[in-house]
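Sharing a structure here in structure tokens format.
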């Protein structure tokens, strides 16, 4: 009742899913000054409406020098490989997903983790007394 | 024998399995005020009675804003890809699984983890003395 | 030399493998009052003698209510998918593996973890002085 | 704001991607005396321009005796297996990736982790006072 | 500079790779009294010279009773499944890999972890003053 066991750094896990189609970018960039966000990508798959061609998903993020960098995440073709496990690919926002080839749709899913940023606590800018 | 080394936060692991068929939702929402529940999804597969068409499994949960969100979990087709590793996709209940396409059956399996909620202990509503 | 760094809770890792054939169950249920056992399943595969039909492996364990529960672990077909990664599917004994369909053989492999049960230590019922 | 909760050993995660083509090596060897670098490889995939032949990716690194060692990382063929999960294969630089067979392109992606080396702290060569 | 943050138990990660051919066993058994060794297997794949037949890799190790045990690790066929993720299958030496069926070559890769054994430290039998 007094929250002694609370670990404010333990991330909370939410469901994340997006659908990629040709010419449509999906941005993941939570507008949040206080909490740290992360995606753990788990699965990519096609659906029965996906055209039977090779679809390559590109992800855009930042490299260690702070420069924008693009990487090929996965290639799927309905008749060859309709689903692939992404194995917990960790993405730090801001990030953009897009179909580099193929008309889609391709579905991406995973976990959206929300945690405290190092050096902050949940009541940094709240006046209430945190009692849980 | 005195439980000195017991870690009340360590999750217990149980087996979880469900079968999805067209028009039949599977809900995972343990009715439990005291313990925290989680699914770690491991495998999806078809069986010999599954029709040879693309089956897409949809999972419904909550996003970080508390809104209901749907994501495509996996697509399977018996003649192309009868099994896929889900790689430990973590699902926080309440959640619903359903076949978005295909008549099924599709089998989902994984681990059902049960742990104490942060800020609680196992004797919150028990009278025995358990000093930790 | 005095074992100060010993962590009695760290699991030891052994190799686990079994072969499933139609009508032959494989039970994993170590007869052990003192140590805790767990399987981390890693791979399932067929061999050249496996008939070219869909083989579905079923695993039987316990759910969170202590009831016996069955789940489909994986489906393999030699000409389509001869091997699948099980991704560390954690199984708590007692457990039973069987072929639900197919005549086999199907091979399952992984790690057998042995660790102290919470609340015990390695010298609970030994008189020797533990010096390593 | 004062960084009280900062964990200087916690790695930072960046996006890593490279493209392999016949006769073109990709070196990963950050020129950095102060920080430790690591790659967690997640995915390998082809794109629609990749010729339909078997492409084998070789990785070159160091074994436990400090000798140069080569290992086959993954084999992809567009019509058979256009994507493979690498499951978090951890690579310590210096490392070299190359196509051992096939003309490419083959795409590799994953996470570039940057962390403090053991025995160092972020202000080893900075004059600011950072009390932890 | 004084190594205060050094964690002597943290494993060091090296690259491991081997090639299996019919009739040729590969042994992993580092001759080392002081350090603990482990393999985390990540990938298995064929190359263009591998004959198009089903290759099954067998691994031999120890079970929890200290008896020699064999397990089927993975089955690959160039035209069906040229690569499989082994997902971090942890192997404790002594271990032997061999092709149980097929003429090869089949390539295995992963991480060779080296760590201190519990109850030891890096200067147990060295006289030098450890300064890093």
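Here the chain labels run A, B, C, D and E in written order, and each chain numbers its own residues starting at 1.
The rule we apply is simple: contacts are C-beta pairs under 8 Å (C-beta built on N, C-alpha and C of every residue); 3 or more make two chains touch, one makes a residue touch a chain.
Just so it is clear, the structure is predicted and the values come from calculations on it, not from any experiment.
Chemist: Just how many steps, at minimum, does a route from subunit A to subunit D need if it may pass only between touching chains?
Modeler: Between subunit A and subunit D, the shortest chain-hopping route counts 1.
Chemist: Subunit E and subunit D are one sequence twice: same or different residues at the contact, by the over-half rule?
Modeler: Mostly different residues form this interface, as fewer than half of the numbers used are common to both chains.
Chemist: In degrees and to the nearest 5, what turn takes the CA positions of subunit B onto those of subunit D?
Modeler: 145
Chemist: Could you work out how far the Cα centre of subunit B sits from that of subunit E, in whole Å?
Modeler: Chain centres of subunit B and subunit E, defined by C-alpha means, are spaced 32 Å apart.
Chemist: Just give me the whole-number Å value for how far the CA centre of subunit B lies from that of subunit C.
Modeler: Centre separation, subunit B to subunit C: 20 Å.
Chemist: What positions in subunit A touch 2 or more of the other chains?
Modeler: 80-81, 84-88
Chemist: Per the contact definition, I'd like the list of subunit B residues that touch subunit C in the complex.
Modeler: Those in contact with subunit C are residues 1-7, 10, 12-17, 19, 30, 37, 42-43, 45-48, 78-88, 107, 109-112, 114.
Chemist: Would you mind writing out the residues of subunit B in touch with subunit A in their complex?
Modeler: 9, 38, 53-54, 56, 59-64, 69-77, 80-81, 84-92, 95, 100-101, 116, 118-121, 124
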